[in-house]
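In this document, chain identifiers A, B and C correspond to the written order of the chains, with residue numbering beginning at 1 in each.
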Amino acid sequence: MNSRTTEILVGFFMLIFFAAMLFLAMRVSNLTSLGSSTGYALVAHFDNVGGLKSGAPVSASGVRVGQVESIVYDPDQFSAEVMMSVGEDFVGAFPEDTTASIYTAGLLGEQYIGLEAGAEDIMLGDGDEVTLTQSALVLERLIGQVLFSRSGAE
Amino acid sequence: MIDRVARFGRFWLDALERFGRAQLFLARSLGAMPSLIPRFPLLIQQLYASGVMTLSIILVSGLFVGMVLALQGYNLLQGFGAEAALGQAVALTLVRELGPVVTGLLFAGRAGSAMTAEIGLMKATEQLSGLEMMAVDPFKRVYAPRLFAGFLALPMLAAMFSAVGVLGGYLVGVEVLGVDAGAYWSNMQSSVAFVEDVCQGLIKALVFGLVVSWIAIFEGADCIPTSEGVSAATTRTVVYSSLSVLGLDFVLTAIMF
Amino acid sequence: MSTAQANGVPDATSVRPEGDEALVRVRDLHFARGRKKIFQGMTFEVPRGKITTIIGPSGTGKTTLLKMIGGQLKPSQGSIEFDGQNVAKLNRKALYALRKRMGMLFQSGALLTDLSVFENIAFPLREHTDLPDSLISHLVLMRLHAVGLRGARDLYPAELSGGMARRAALARALVFDPMMIMYDEPFTGQDPISMGVLLELIHTVNHALGLTSLMVSHDLAEALSISDHVVIISEGVVVEAGSPEQLRASPSEWTQQFLNGSPDGPVPFQLPAPDYAFELLGTSTATGSDR
């Protein structure tokens, strides 16, 4: 085994490593979408974000249009402030009375934000807030409601 | 009775002495690292020996582990109706845990034992003595290149393991078991964070790389220079490395996740 | 125990103007490995420009002695001086500088197995100098020619016979024109032709290059045939030292047994053991009753 063959094989090894890293970064994790910040930002406040995570999809009519960038607690409004980034293809696509709701994909799947367009003429711009929001369904509340309604019915 | 206590005490004192020697060995090897820069071909040679030679076993194992994860994962998730989460289950398990750990164990068995045997043989055939008498520091020429090569190679192999595993999971999950391809990838992408999951998994692998190489080289350099001594050292390398990988995995996971 | 100086012939190749005739001085050397005492007060000298052999029974720590002269091991007591410098007291840098002035030939050659013969001999040059490849090539070929192995330059150590490996190792030890070459058991296990080659080489190398040679061996006949000075060690001390003729005429019974290879003498044939008759018959020979 001469050193030239060794060097070629080590180079090949490094190549496979870079391919693997690229694959892991692009296809396995959310690096791609994190990179594309060429869209515009929207803000929404929720009473309860449930299991929503940053990086979760933002969809309209079931089609992914952006993602959740960050979720922080807003002490001024006593609610969760969610920053979303929406792709630049959809600039000005959402009217002011758009509703942002937190849905669950499937029964136990991950949570995402669904945007339902309203009927206003003025469109949301970069950094605007979606004022109409619907929080995530919290299981305990649901059960509590069921129990309450049942006990109320008796 | 007293004799037993004395022997027990001596055993632990010897172990402590050995551990201390190993620390000094590591310190001296790390100190010899800067001298690697002019000796780049040595590093390439060792990357070949540790990395390239372990590549095939890593790729094959990664594929199988990924496939098994998909099989088992599907079975489990089916009970919750959550088959769509298969992608993220496979990916997270691989990237956070199995990638670094299984690669660490395989590396210890393949490359680690080879390093120990090679160095032990060099000691037994007086090549190390010969180097010393030629005024060549074996730390610079023999130990540091191997330490650094192992340190680099393990994380690289772990990344490849995880990547191949995810593909293997795709093969079984989507092609065979019928999980929706879109769901496989998109759920995965939204759950696997590059920095928190992939990078921290690689950090684990870096630590494993250092520890496994250190153990392998030290056992070789410290062995009794006979054929029994070398084979005993090789066995010790595999055992101690494997235990260290598993133990450190726990500690690192607790710290990082 | 006696120490012998060189035989009074001034050494023409000596560099030191004071006429210091000993290159290596070992004084009152003590060394133990674990509980086993290996050296218990060794004192001897290695004269410049001559071939000195250290002889002794196997296991007396002869290889250890060479390692101590080379600074790989430190004595627990006593001193070793090489060319006036106390080897054990040198820091790492000075020690490495010193080692460049010594060459060592290990029992198995200790060639690096992943390099060819040529590369093995070029190795010290590449490591310690910035000489261009053409010059290195010349130097290596000169040494290879001196030991007769130019034709083996591209072989690997695994392909060499034992004798060839030692010759290659000798070429490597010579590459920096050292002041002294140490040979660790050079004659062990050699066939007559290889033996002849080695003897010739050691002799030529020593006298043509004006080196000092220090051999360690238990092959008596060969060692005595080319040595100028012999040091006999046993039980960790120097038993006797002198030229081969002086030793052959020695009055010491031990030396005579050793030199002649007699099976019985001061070193007895029967190891200490209980009375034989007692062990066989269960009694001493006097009574004769059985169990």
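In this text, contacts are C-beta pairs under 8 Å (C-beta built on N, C-alpha and C of every residue); 3 or more make two chains touch, one makes a residue touch a chain.
Model, not experiment: these values are computed from the prediction.
Peer 1: Tell me, which chains sit next to both chain A and chain B?
Peer 2: Output, common partners of chain A and chain B: nil, no chain qualifies.
Peer 1: Where the centre of all protein Cα atoms falls, which chain's Cα centre is nearest to that point?
Peer 2: Chain nearest the overall C-alpha centroid, as shown: B.
Peer 1: Taking each chain's centre as the mean of its CA atoms, which one is most distant from chain B?
Peer 2: C
Peer 1: Distance between chain A and chain B based on Cα centroids, please, to the nearest Å.
Peer 2: Going by mean C-alpha positions, chain A sits 36 Å from chain B.
Peer 1: Based only on mean CA positions, could you tell me how far chain A sits from chain C in angstrom?
Peer 2: So the centre of chain A lies 78 Å away from the centre of chain C.
Peer 1: Could you tell me the distance, in whole angstrom, between the mean C-alpha positions of chain B and chain C?
Peer 2: 43
Peer 1: So which stretches of chain A touch two or more other chains?
Peer 2: There are none in chain A.
Peer 1: For the complex, give me every residue of chain B touching chain C.
Peer 2: Residue positions touching the partner: 122, 125-127, 129-137, 141.
Peer 1: Would you mind writing out the residues of chain A in touch with chain B in their complex?
Peer 2: It is residues 3, 6-7, 9-10, 12-14, 16-17, 19-21, 23-25, 27-34, 53, 55-57, 64, 67, 105-110 of chain A that touch chain B.
Peer 1: Within their complex, state which residues of chain B touch chain A.
Peer 2: Those in contact with chain A are residues 41, 44-45, 47-48, 51-52, 55, 80-82, 84-85, 88, 91, 95, 156, 159-160, 162-164, 166, 185-194, 197-198.
Peer 1: State the interface residues of chain C toward chain B in the complex, per the touch definition above.
Peer 2: Listed in rising order, the residues are 67, 70, 72, 96-97, 99-100, 102-104, 106-108, 110-113, 123-124, 127-128, 169, 172.
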